[in-house]
Amino acid sequence: MLDFAVPFLICFPFLISLFLLFSGKSKIGNAIARIGAVVIFFTSVAFFVARGIKIGFSVTEELYVNTEIADYVILGGEILLALVVTFLCFKYKKYWISLLSIIPTAAIIYIEETAAKENIAHIFLDRLAMIMVLLVGAVGSLIIIYAVGYMEGYHNHHKEVQDRRNYFLALLFMFMGAMFGFVTCASLTWLVFFWECTSVCSFLLIGYTRSEEAINNSFRALWMNLLGGVALVAGVIFFHSLLGTFSAREVLSTIQMIGQYSNQMFGVALYIPIALIAFAALTKSAQMPFSTWLLGAMVAPTPSSTLLHSATMVKAGIYVLIRLAPLMKGNVVGMFIAFIGAFTFLSTSFMAISQSDAKKVLAMSTISNLGLMVACAGIGTPETVWACVFLMLFHAVSKSMLFQVVGATENSLHSRDVEDFHGLLYTLPKHAMFLFIGITGMFLAPFGMLISKWSALKGMTDDRHALIVIFIVFGSALTSFYWGKIMGKLIAHPHKKKEVKDVTHMGEYVSFWIHMITMILMVVFFPMISTFYVDPMVANVEMIGNTTGIAAIPQSTLYILVGMLLLVFLIPLVMYFSGKGEESTQKLAYMGGINTGKNNGFVDSFGEEKILWMSNYYYEKMLSIERLMKPCQFIATIILLVIACILGGSMIGGMLG
Amino acid sequence: MGVMTFAGTALKNLFSKPVTTSYPAEPAEYKERTRGHIEIDIDQCISCGMCTRACPCGTLSIDKIKGTWTINRFDCIACGFCVEKCPKKCLTMVAGYQEPGGEKGEVTYTKSPEVLAEEARKREEMAKKAAEAKKAMEAKKAAEAAAAAAGEKKDN
Amino acid sequence: MYNITRSPWVMHYDGSSCNGCDIEVLACLTPVYDAERFGIINTGDPMQADILLVTGGINTQNAPIVKQLYDQMSDPKVVVAVGVCACTGGVFKDCYNILGGADQVIPVDVYVPGCAARPQAIIDGIVKGIGIFQERLEKLEKAEGQKSEEKEEAGKEE
Amino acid sequence: MSKRSVIPYGPQHPVLPEPIHLDLVIEDEKIVEAIPSIGFIHRGLESLTDKRDFNQMAYVAERICGICSFGHGYGYCETVEHIMNVEVPDRAKYLRTIWFELSRLHSHLLWAGLMADAFGFENLFYQCWRVREKVLDAIELTTGGRVIFSVNKVGGVLKDITPEMQKMILETLDFVEAETKVLKKTFMNDYSVQSRMKGVGVLTKEQAKALGCAGPFARASGIATDMRMRGYAAYGDLDMEPIISNDGDCYGRCEVRIGEIFQSIDLIRQAIAKIPDGELAAVVKGNPDGEYFMRIEQPRGEADYYVRGNGTPNLDRMRVRTPTFANLAGLCEVLKGADYADIGILVVTIDPCISCTER
Amino acid sequence: MNEMTIKIIVAVCYVVLAPILGGLLDGIGRKISARMQRRVGPPILQPFYDLGKLLHKDPIHVAPSQNFLMMSYLFFVILTGGMIFLGMDLLMSMFILSTAVMFLYFAATVTGSPYSTIGATRELLQMIAYEPCVLLTCVGFYMVRGSFETADIINGDISPIAYLPGMFVAFIFILTIKMRKSPFDISTSHHPNQEIVRGITAEIGAKNFAVFTLAEWYETVFLMGMVALFIVNKNPISIPVAIVVAFLVYFLELLIDNCCARMKADKMIKLSWMVTIIAAGANLLALVYIFR
Amino acid sequence: MNATEGKNEIIKITPAELPIKAMEMKEKGLRLSQACAAWVKKEERLELSYSFVDDTTYDIFNLRIELSDKAAEGETVKEGCGRDAEVASISGIYPYAAFYENEMRELFGANIKVIDPDYHNKLYRINEDTPFVPKKEGEAK
């Protein structure tokens, strides 16, 4: 049974997706999508649990050594993707982008066909892969359930967009399938395929509405991701030429080689493919200078952004970086990757302040949190990798919830401007609560992001990354600002009492509740998750080779931390209930003595009543994306060029010397 | 331009004596001309009403018959115009302000019984004189009338 | 009974005064008179004030404002009317737009006469007000005590 | 939706010495729009002419404002004197000048304190007011009142300044001069103070002209107008030049007013040196009949008086246009685009006299 | 006595003594300020009189949830200080302090009223200004002692200030913000005349204000504790020295308070970031690259 | 030293002339120092005065508009000079005139048109209408 779970998880979404593609406009699409999502949800959870019980989490399996047929399917898929891309590029007259698809596809096929056949495993399961499977399966399928309901409302409001919701759902499924493949595959050629597959899926999702903006943004996403693909392919080919294998396991074990050959040509050369693949991960994770594609992705309906941001697409990059972390530890590549991550964290935190579109804030915050994860992975010490994993987990769940709730709120409120969320607690109390908790999860105690940040700072300090530490502390101060002001909006006394009809479906609420409960459980069981799962994962053989495992964070510390943090959760509750009976007199709000008795209006200069309106601070002139993005991209590009020069230079130097 | 240019002064202040007066532990000192409140030497008052008419606030009132002079101290702006106008100079501006209070009552000064009696006597005298004058007048009139009547009669 | 007289926080509202009294109120706080000796703090916020100092008379436009500020203060609270304008309307009481002293809209506890009221008089007025402040607290606590007793009794009966 | 907040500012507001109200529209902390509203202290005292005679009105006039009370009493009396063709004795003119400058001294020190308070420099506020108390002592010594002088009447003055008092005033001036020099250093040179005043609320000369600004507010924008140059009271006999600054910002206004503190000290010294002997007041007979427009320089700038008599003790019209009324337009202009945090400074920077503005 | 009982005793002492100490410091501060202004000033016990009065007034609120939010705020401030005095994790307690501040922020914004909302937003701006420095200081301690736990930090051979002079300077600088002293008392003011009335506390009166005051006292004590942390080492003599230094720092803050105009928010952020980067950042770089 | 007493003139104009005269003053670089109204009891006349001043010579010129329903003996009320005659606002020429004009309208009932900004008789927000001018019928003595 267990042996078939992985192929099932990869193939099943593709099948559903095919089915949906061909079901046209028919209504059964919704049902199929729901059933499919439920199946995936339970399969992934069951698989995770069952495998843990039966084999044990710590076992690393390598499966499917002989996969000739599958190889051909993959090959076909790759060619198909290239064709689709080429076709669309020609259709929209973006000819040069097609080259980014054709060249690497051709190259990889050529190498693959000419290289000697090797017997390597194609599926590879370890703790990291398993937790990714769980994440993609659980969060992804919840997003799909949510999407079914959401698209209904969406098309009711947006008559101008052609209703192709089955196509949309199909893409979501395809995406999930690709993600499953991506996190479990052990062959670099497969990896390339799934990679391209997610790129193309996201491209198609972003272009869903077919508005001009959507098309432009989708092509931007496409070329950036394909550029990453080119780097990935280059890295893979480079590895192959150095090591003669497509096996990811082999590649990972080069860790020792780097140590052995550090002074030799070969050792230096090894950095180059690492850098290339890390570069690919940067594009996927929307790090500077490639952040704009993820922002552009906001034009698509909310579920697709949710999927891109929370559990899947961007996490693919992080996944790769976590895998590479041991290879980047303590060397120049890691330094620069970490630096770019920290820089992204800081710069996008600045930009997030200027945003009032809730989805844009979420987007900026995603990029910035990814930056933090990238920085952690780039440093690659056990603590930071541990932090990175937890950041990823917590971020996935909270962000998925936030995106979904924002989408649902938008459908009810007909706006997703944060200013319109003023007093949401009084108009859509449930939505406000979910948003509030989701945001808490992003930066406040008791949720894991905070502990992870703690650990990240500790790890970085241990490894003496002063500059990166400085970036992180400044960025984290800004994070509190932009989240804090939104939270303030949610609970503020409303300007005007307005009646809002809550059009949120049951299904959506179920999804919210599951997310929320997951978040809380994750906090409660934080030490256990850490000890029994993540610690070994970080420290033991699976990832870093034969280093002895030490817990990233001492257990006792963790328990104290979590205990403290839970207090943060409990105290307000206790205070709330203990304070209930107390007598306290309500007074009017202070407005210089002229409020009209309702707390939201005052007598204005002409003797009439004026409605009070409080708005957040945005510092748009200073911090707008338009103003900051270009310079930040420029700086990041320079950093990338510097590392390219260093590596290239040392390479040449090595060759000459 | 300097940073914390005031630090020297602040530190100097710290070690010099505060300028705070210790009121109310020590009573306040007033200047000679201080306009505190109005006092009246009521027995000098002739109830002429100049002060009431001069007062810009309508604070004062008098009662000629009862011999009273009334001031609402919670209404007086201590401008001193009444003092200036009083023909008898029986009003004076005195240093020291009126005590704050929970009620804003008026204060009435009544002339001493002797003065009152004197005035009453004068008034009576006046009245008597007036009455006498009147009587005389009437008598005269009556006489005239009588004379006239007589004349008429004569004429008739 | 707790002694709250050592911390009277005042809020000053300028009704329609001529400024004479306002600046004398401010002068109370300055080094020469230093009202903070008695724990007096000038706060701008009715929520935190114990004593409302009103200067100037009441006119049609500021009557609701004075009332609102008074209502926003927490019990126990005291009102001190500073200057003859706030007591009766003063020189301006015959003006078409003056309704009279502060007692037209809120209950005044202490009247401080003078035009302008001298700083010493204002301090005296506040000190008088503090006495009333303490009485108010005692009354309030008594009333509350009774209320809670009633509640307890009601609970027992049930 | 809108990223702008709409909030009320005042009328009860600790930064405002007096109640005015502004409807503010702010973006972040920048003011986009400010619409002022006045009338919270409107009493309608000009209408008292129906109920009080022209002599009593002198006392009402000085209660237009409790700060430049002397100026208002004086301005009113002089206007009536003009209508009635009363020749005021020279000594009275000098006494009026001395008191006028004492009142300017206390007013400017008060302003400096309020300004310090508005930019949150509590200690400086206290020191300004401490120095001011000395001036008040001199005023009380000579007039009997701290802020309301009550020494003017139609025809002259009510009280004399004796030689001993003159000596005391001169001593006070020495004290004030020495202390103000110390304070001036901080006002003009301190980094934190400058960061709040330099470049804040800039009004160019052209703008100030176009908006009809008056007094130190206009002088700080480089307009050399000072009604004292007209030579009323004894100013014609004294040496003075209007003090101007070309900065046009809060710093410039501060500079002008602090300069005027020293100017007032100088003027009082000159007046005391030159004061002639003579009567305190001329005899006034009859009732005013006619009209006159009169302008004087109050601490806050040019004030206009207009009196129209009709031959009875009750005037037809007594009218005061106060400097703040003239400066309101300028205030609205500098508020636009300013920082929210600067409102207090900007309002205080015109040295507002709402009490007299609304009367 | 085992370790646990000592800890409990320390905790109880902290909870009981900190407000007394904080209130006294406040009272002394007010007295010294008054004298710097040539006034007599209030009695030293004045803060306690104020607190007592506030507790005896009729409790008021503008939004009912204010009450529990304020209580939570107080609790977290106590918790933060408690963690530090119990020798626990410095960085985590700083994170909890931010959480505490968020509760204060919520208590202010929940009213939706203009001045308290602006004050609250400014509180967040203050957080931007001081948080980097606070976190960097924690990192600095960690670098010097290899642990975030205050128990370990006080156990060194040499006072941390020897390694962290820059951090110390930066910390003193942002202390002005944390203690709400001029020139950086921008979110609320201890002096009444401010453009946002009472800022974040504008809608907080009576009992809630008492809670706020208490929290401030705790905060003062624990900030002084942080200052002392720079000085304390293994040698017991360092403890009185630390106390003296803490007092000197407190006095310095008073002096700064009395010699500066209140600055604007943007200036505050710029200045404090500059100081943080120049002093604390350079210190950190020096630690990394020179003292490795 | 310098006793620049300056000219002090009153120039009578009709309401219709006001904008032109105000323009002239503006062109001469004069400042509007004040504008006010007065109710002359005996003649039952409303007078509007606009004072223009020169800041260097300290001259003052007062434009005077007289509005009355009662003509002097042997004359009729001049066209456009009645008690309720419309007076154009000069707030277009002197922007800061608006405050004076709002005041004149609210307190004296002067019929001034198109003031910008217009407080609609709520500058002072008083209870009485035109307190300075007796009501039309009733005790207008």
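Observations on the structure shown:
The chains carry the letters A, B, C, D, E and F, assigned in the order they are written, with residues numbered from 1 in each.
Keep this in mind: a residue touches a chain if its C-beta (ideal position, glycine included) is under 8 Å from a C-beta of that chain, and two chains touch if they have at least 3 such contacts.
Since the model is a prediction, treat every value here as computed from it, not as a measurement.
The chains that touch both subunit A and subunit D are C, E, F.
Counting steps between touching chains, the shortest path from subunit A to subunit E takes 1. Nearest to the global CA centroid, when each chain is reduced to the mean of its CA atoms, is chain E.
The greatest centre-to-centre distance from subunit F, using averaged C-alpha positions, is reached by A. Just count the C-beta contacts per chain pair and the biggest one is A-E.
Computed centre separation for the pair subunit B/subunit C is 32 angstrom, with centres defined by C-alpha atoms. Centroid to centroid, with C-alpha atoms defining each point, subunit D and subunit E lie 43 Å apart.
The set of subunit A residues touching two or more other chains comprises 585, 587-588, 590-595, 605-606, 612, 614, 616-617. Shared contact sites, meaning residues of subunit F that touch two or more other chains, fall at 122, 124-126, 131. Within subunit C, the positions touching two or more other chains are listed as 13, 30-32, 34, 37, 42-47, 59, 61, 65, 69, 74-75, 90-91, 94, 96-97, 115, 118. Taken pair by pair, the chains that touch are A-C, A-D, A-E, A-F, B-C, B-D, B-E, C-D, C-E, C-F, D-E, D-F. Put simply, subunit C touches subunit F in their complex at residues 59-61, 96-97. Within the complex formed with subunit C, the subunit F residues making contact are 124-128, 131. Considering their complex, residues 119-120, 122, 125 of subunit F touch subunit A.
The touching residues of subunit D, when paired with subunit F in their complex, are 35, 38-39, 42, 44, 46-47, 209-212, 214, 223-225, 227, 229-231, 236-240, 291-293, 295, 302, 304, 306, 308, 310, 316-317, 319, 321, 325-326, 328-330, 358. Interface residues of subunit E facing subunit A in the complex, by the touch rule stated above, are 58-65, 67-69, 71-72, 75-76, 79, 83, 88-89, 91-92, 95-96, 98-99, 102-103, 105-106, 109-118, 120-121, 124-125, 127-129, 131-132, 135-136, 138-139, 142-143, 148, 197, 202-203, 205, 207, 273, 277, 281, 284-285, 287-289, 292.
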